[in-house]
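Both complexes shown next keep chain A, but they swap its partner, so chain B is in the first and chain C is in the second.
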Partner chain A sequence: MKTAFLIAGAFANVLLVLLLAPWFEGILRKLTAQLQSRQGPPLRQPFFDLLKLLGKEDLETGEMPAVQRAATYLGLAAVLTTACLIPLGFGSPLNGAGDVILLIYLLTFCSVCTLMAGLASGSTFSMLGSSREVMCLVTLEPILAVAILIGAVHRGSFRLDTVLDGSVYASAAFPWSGLVILVVVVLSMQAFLQRLPFDIPAAETEIMDGALMEYSGPKLALLKFSQMAKLVLYSGLFVHLFVPWGAHLAFPLGWLLFWLKVLGVVLVVTVIAATHARYRIDQAIRYFAGLLLVALVALVLASYGY
Partner chain B sequence: MIPSTPEYAVALAMLICTAGAAVTLATARHRALAGWIAFGVLALSGLLALLGAASVLLTEPSHAETLFTARRLGFSLRLYVDGLSAVFLILIATVSILAALYSIEYMQHRLEHGVGRYYPNLLLFVAAMYGLVSTTDMMYFFFIFWQMMTLTGYALIRYEPRKPENLRAANRYLWMMQLACGVTMLGAALIAHDSVVTPGGETLLRFDFDAVSHHLPQLLIDQPARVTLAFALFLVGFGIKLGVWPFGRIWLPDAHPAAPSPISALLSGVMIKTGIYGLMRYFIWLVPGSVQAEFPLMKWGLVLAALGTVTLFTGTAQALRQEQSKRLLAYSSIGQAGYLVLALGVCLTLLSSTQPLMPALAATALLGALFHTLNHGVFKSLLFLNAGSVLHATGTQDLNKLGGMLRYMPVTGGTALVASCAIAGVPLFSGFASKWTIYTAAIQGHAAAPILALCAAIAILTSTLTLALFIKFFGAIFLSRTSVLVHDLSRRPQPLEVGWKMRLPQVILLALCLFAGLFPGLMLQFLSRVLQTSRQGLAVTLADAVPASVWTGPSLQSPGHPAVYVPLIVALVFVLMCFFARWLASLGGATRRISAPWLCGYAVEGELNRYRAGHLFDDLKNCLGRKRPPAPVPLTERSAPGQPSNPIPPWSPEKN
Partner chain C sequence: MVAREKLNQLKARFGPAIQRADLPADDRLYLFVEPAAMADICQCLFGELRARYVVGIGADDRPHSGSFLVAHNFAFDTDHLLGSVLTYLPADRPALPSIARHVPAANWSEREFRDLVGIEPVGHPFPKRLILPDGWPEDAHPLRKDQPWNEVPAGYDADREFAFDDPPEGCVVVPFGPFHPTLDEPAHFRLYVEGEVVRGCEYRGFMVHRGIEKLAESVLTYNDIPMAAERICGICGCVHNVAYAQAVERAATLHPPPRAEYIRTVMLELERLHSHLLWVGLACHIVGFDTLFMQSFRIREPVMWIAERISGNRKTYALCVIGGVRWDITPELKAELRQVLTQLETEWTAVTHAIESDRNLQQRMRGVGIADADLVRKWALLGPVARAAGVAIDSRRDHPYAAYDRVEFDVITASDGDVWSRVVVRALEVFQSIRIIRQCLDRLEPGPLQAEIHDELPIGRIGLSSVEAPRGESHHFVMTGENHRPRRWRVRAPTYQNLQGIPAMIKDQQLADMTITLGSIDPCFSCTDRLEAIDIRSGQLRVYSQEDLLKLAKDQWQ
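Moving on, here comes the complex of A and B:
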């Protein structure tokens, strides 16, 4: 009975991500257009885009198309597996099979698959994009890892349901570490979602979508889909870690509140993205490295109980 | 002589290796024959060692055996195979058998150098390592085995002496090892006191491990400074061997690339592990449990944890700059050694705490260190063999000149991919499981020493650097675009992929790597036998604290159950999602077509606009250290005037 419940939960999570991710992307595009005095596409446009791509001719430019295919499948699979770890309105289905350390590494692995796709296609631009993506990954992913670790330190546990529940504020004394890491994560949120001003690895106007440059057809659909899903997952993670209030309300209320908060995060991200210009990669890396140092200070504060 | 006890089995293994060395020296004229003999000898001795180790770990602890005593000279050869030795014996045996099989074909084509300097040294080198991890003599036989290992290692590193950098590397290795040897022996001399008579009536000489351990409590009360100095010397000596900061970069990154690749695999996968063996043996097994309160465990633990953290970060960060495949792997070995030292430090720190659960966490950290030792031994050997195969096929280690090899070397490339995933800590692979164990112990241990959480965070941060490193290694060699060099080589009639004698060891190591990744619970259960079968010193406390119930079947849990990792379930979900993604991609019925990459429409693909490995992560390298302009393409690689600027013809579609 319990197993059936967990399987149902996993299905629910995957379905939610699959259905809601393009819709959030649609909101993001519409709002960006409105802010820039354009009309913007209808909200369901990303669905149509994905459907169109699924049927389009698939150009394979790599020396080993099999690697390109594998990288795209693995990319989506990693994102959807991550979706089973994060509670999305219901409990986390894989709570008994993994913990926050697995979550940290799986989130990194999602980006690695995109990188492999870029390296396998091997054009100069996709290599450049992959190189940039790795540099961002190396300086960014640890920030989220530290945020999660601060929660784990406060709660003395690595369980998904315990940590992804506002745990950063759960210190014995006044939660200084939680506030510091909140500021740090807010300042790096655009980069986690690869939106302006930190969409450096993709940077359509410079290096033509970087790692994804050589992709078309169903592979591009899957890669785009993983990106959209990441928007939902990272926003959800942010909500769980930093805006937990009201998570334990009765079913429809708590569920609705969670998705409203995710929508709020997406809206804020969109507004910032629509009004900023892109940073250069060296500026961005120095910025992230600075934030990472502050995050480590927050971790030290947390381990001393603040 | 029938090896009735593990000790006799190990002694016999050493004898067989030594005899085999003479035979291979005599038959060195026939390359293949000498190679097969060396393989046979190492397989036989390896099986003996494995049998010995298995009988210790699976049945019951054995007793130390004194093989001979020279009382007047004050030394005796006393061997003792306990659980800790057994783990290292298993590692040495496994990797040496596979490296020997790999050597047969690898050495076949190095015609300019005879194998008379190769196989005998290889066999003695392995024999010395068997001895070093099972002798109880802290002075004379430690010296003999250490020197045997160092001198044969020296001969193997300078196997191709015509390159001056190889000679330099070998000399540096030799002097650093002599320094380590002297320092360690000085440490032993400082704390050795007098001989001791066991309850069984056996006289243990002054420098015997158990005699030193017996006198340590009194010495610790009388002269604590002397004991501290001795342990500091042990730390320096074994730290040099292990490549700990600041000693690692002096010898390790030069020595590993200079040696022939199977030897690099042995050096990095196995030999430097004798350093962590020594640290564990002296810091945990030497100190009697009765003086746990007097021995400054907390301080040593924090020193080791800090050293480990610095080592893992600096080693990996320096590796990012490397553009030679084996040099990159050597630096990353320093980084991975840092994880081992960190785990040992966590173990010592938590052992000193009186809070509940802390001894269990200390045991977990130690088992994590042992698990990572085995894992690193497997995947780093595999990576060196991969780099060796590429070197064998193309004649270069330069990442800038390589590219697109996966098409031509699928087995080498596939195994390299798995090994890269394992070392980078991708979930479901072995490196993730052992790092997971270390992280959970360190972070849960923050209650006893808050700084451990910071160490763990830096370790996690470094593991993304490792990921970047192996994206560079794998991407530059096997993915990316075919370079001129690879393109020219691929035109030759014979295939680039290496023969079965070189492929098989890689595939076996791959299987070990996958097994450890998917069944980490079984591995930890097996390793927890180590503590049960070597109850001595502080290890008794650890053995009593081993959380017996938490590693059942396939799952990993930390003591107190706050963390859980079940790779099989995650793998199942992941595979299902992969099938779903594949199904989704096939929904639209899209057709596939092969085409050339787009270079803005006006450039043709060529060597000069290929993205070279040296340019990967430029800004990150600048951020981590001083700025250095990217190296320009050497003139020799540019085309001569009058010739077309693109040596590679435009990419032609080819069915793969």
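Moving on, here comes the complex of A and C:
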């Protein structure tokens, strides 16, 4: 009985992400269009885009087709597994099966998959995109890890349901560390999601979508979908860590409130993306390094109970 | 007076090497010199007299004088003087010493007449093929008069490839183009990249050369050519249209009536308006700021609309004939145009304020793609690129044409020479254009639109004309000829010079800055290639091979 419940919950979460991610992407596009005095596509356009790509011929064009296939499928698999670990309006289905360390691994693994997809396709621009991806990965991923660790330190546990519940503010004294890391994560949110001004590894007008350049058809659909799902998952993670209030309300209310907050995060991300120019990789890395330093200070504060 | 002064200076120095001098007006000087003295005179003009190099022209003059002709054009901008140094070369040995070592800006011009006319610049520092396709045989030169305009020479090898130089050690080759999202037209930069830093590059362009000059010299007539000239470029077409007409008028000493001159000025400035608005948008798009890109296109739309109301076309106004213009600006159109300008001024003020205070944009654009005054002089860079480096050259003021001597405007300059300065210069020039159009509308007096031409145009005369395109000076050289068409017509668009400065501008910069640096000269490859886009009319799906396309093109002409 319990197993059946677990499977059903995981299934529900995966389905939610599958359905909502393109829709959020649609909202993002529509709002961007409105900000640019354009009409914009209908909200369901990303679904059509994905369906169209899925129906195309699956070309094997790169240097290492097997690696390319594996990277694409594993990337999406990692994203969907992450979806089972993060509570999406109700308790995390796989709460007992993993902890926040697994969550951090999985999120990093998604980026590594994109990276591999780029390297395996073997064109110059994919290589450039992948090398930029690596640079961002090594400076960005620690920031997210630190944020989660701060929560874990405050709560004294790595359990998903205890950490993903506003834990960054759960210090004994005034939550200095929580506030500092809030600022840091807000400032690096665009980079986690690879949106402007930090869409440097893709940078269409410079390196033509970088790692994804050589992809088309179903594989591109999966890679695109991973990106859309990341938008939802990172926003959800942000909500759980930093704006947890009202999460324990009764079912329809708490659930609705969670998704409203996610929508709010997506809207903010969209507005920032639409009003900024892209930074150069050297400017971005310097910026990330600064943020990482501040994040580490916050971790030290947290370990002293602030 | 200035022309005579310069002539006397050169005469004192080179004496008998100067065979003949023509001073048809005070702002034009044509020197006919000994081939052997050409290099020294050019060096003296560029080095000591501080002239700006404009363009080099090669011509096959064998049917008339039995020899080849080479001309190097120079400009004395502060003295309002355009000059040409010409020399005749024997038909059996068309070669002369290269000047590109002393006048770097002549690099492409010399390679061009080597390719197209077969005149050898001896001792050229980079004597590689520039224009002709890779498979073209070495001994065929399309601009020679004995080469038919509609025939591919024997020995054409479609499979031969261009031989690039080896990249420097430790560098990876990044192919930038022929097709790239930020290049609207095909051109190839082979970038040598070390990590994320560009160490050098080699350029291969002219991929869609259309041979419009050959057509003009062999098929079209004087009044057809303005329409063909207009199709050289999709953005600054009117500039070429006017520049050609003016060059012919200069050669034939014709004077278009004042009303025609004002109308030309209005249309040239309208073109600058839509071009600058487009460019600011594109620059923002290149650095990922799409919102401003879309907004500036929205603001630009009324300009296109009023152009269509006036001329019947959003672009390609079909404005000039020799000696005048083809249509009028009516009082109703004047009122509508004023309204468009008022709206544009308000909206553009808001945009410039937004741009000026945007730190994010400045971080991407300041200190990037620097071309300082020395580089500007070395490569004869033009337009906003030169003005952004503090070099105040502007053909509208320096070599006045149309009605520019009767209107007031400022030449906008900046001092840093980087991409940001170019943005500022272009953004502010929009206001100057609005100012010029308003003055023209105020002064537009009733009168004829075309000068009456009773006789055939004189033969063998030379005409030079510089028109300030949105990207810089467009220069046209015309030598009048028989059968109602010029013997030689040479177009030098501003991108032709500005592109030559790009390798120096991108050297040791981040790869990410390549696109915005290239974008900042507002490159117009069609102007350099002198090409036209192909329109595709086909309901059925069919894949054309290169041979099919060539056959199709030839069948259409026969």
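Everything that follows uses one rule, which is that the second predicted complex is superposed on the first by the 306 of 306 C-alpha atoms of A that agree within 3 Å, B and C clash if a C-alpha of one lies under 4 Å from a C-alpha of the other, contacts with A are read in each partner's own complex, and residues count from 1 in each chain.
We take it that a residue touches a chain if its C-beta (ideal position, glycine included) is under 8 Å from a C-beta of that chain, and two chains touch if they have at least 3 such contacts.
Quantities reported herein were computed from a predicted structural model and do not represent experimental measurements.
Peer 1: Name the contact category of A:35: first (chain B only), second (chain C only), both, or neither.
Peer 2: It touches chain C, and chain B stays clear.
Peer 1: First (chain B), second (chain C), both or neither: which does A:196 touch?
Peer 2: Only chain C is touched by A:196; chain B is not.
Peer 1: Per the overlay, which chain contacts more chain A residues, chain B or chain C?
Peer 2: Counting contacted residues of chain A, the larger count belongs to B.
Peer 1: Could you look at A:282 and tell me whether it touches chain B, chain C, both or neither (first, second, both, neither)?
Peer 2: A:282 contacts both chain B and chain C.
Peer 1: Between chain B (first) and chain C (second), which does A:204 come into contact with in this model arrangement: first, second, both, or neither?
Peer 2: Second partner only.
Peer 1: According to the stated criteria, A:128 is in contact with first (chain B), second (chain C), both, or neither; which is it?
Peer 2: In the superposition, A:128 touches chain B and chain C alike.
Peer 1: For A:45, select first, second, both or neither according to whether it touches chain B, chain C, the two together, or no partner.
Peer 2: Neither chain B nor chain C is touched by A:45.
Peer 1: Which residues form the common part of the chain A surface touched by chain B and by chain C?
Peer 2: Correct list for chain A: 124, 128, 131, 281-282.
Peer 1: Which residues of chain A touch chain B in the complex?
Peer 2: Result: residues 10, 14, 51, 53-67, 69, 72-78, 80-81, 84, 94, 96-99, 101-102, 104-106, 108-109, 112, 115-116, 119-124, 126-128, 130-131, 134-135, 137-139, 141-142, 145-146, 149, 152-153, 156-159, 162, 213-214, 217-219, 221-222, 281-282, 285-286, 289, 292, 296, 299-300, 302-304 of chain A touch chain B.
Peer 1: Which chain B residues qualify as touching chain A in the complex?
Peer 2: Touch list, chain B to chain A: 403-404, 406-407, 425-427, 432, 436, 439-440, 443-444, 446-447, 450-454, 456-458, 460-461, 463-465, 467-468, 471, 475, 479-482, 555, 558, 562-566, 569-570, 573-575, 577-578, 580-582, 584-599, 609-611, 615-620, 622-623, 656.
Peer 1: Considering only the defined contacts, which chain C positions touch chain A in the complex?
Peer 2: Residue positions touching the partner: 172-175, 180-182, 196, 284-291, 293-295, 298, 358, 360-361, 363-364, 510-515.
Peer 1: Enumerate the contact residues on chain A facing chain C in the complex.
Peer 2: Spelled out, the residues of chain A in touch with chain C are 32, 35-38, 124-125, 128, 131, 196-197, 199-200, 203-208, 274-283.
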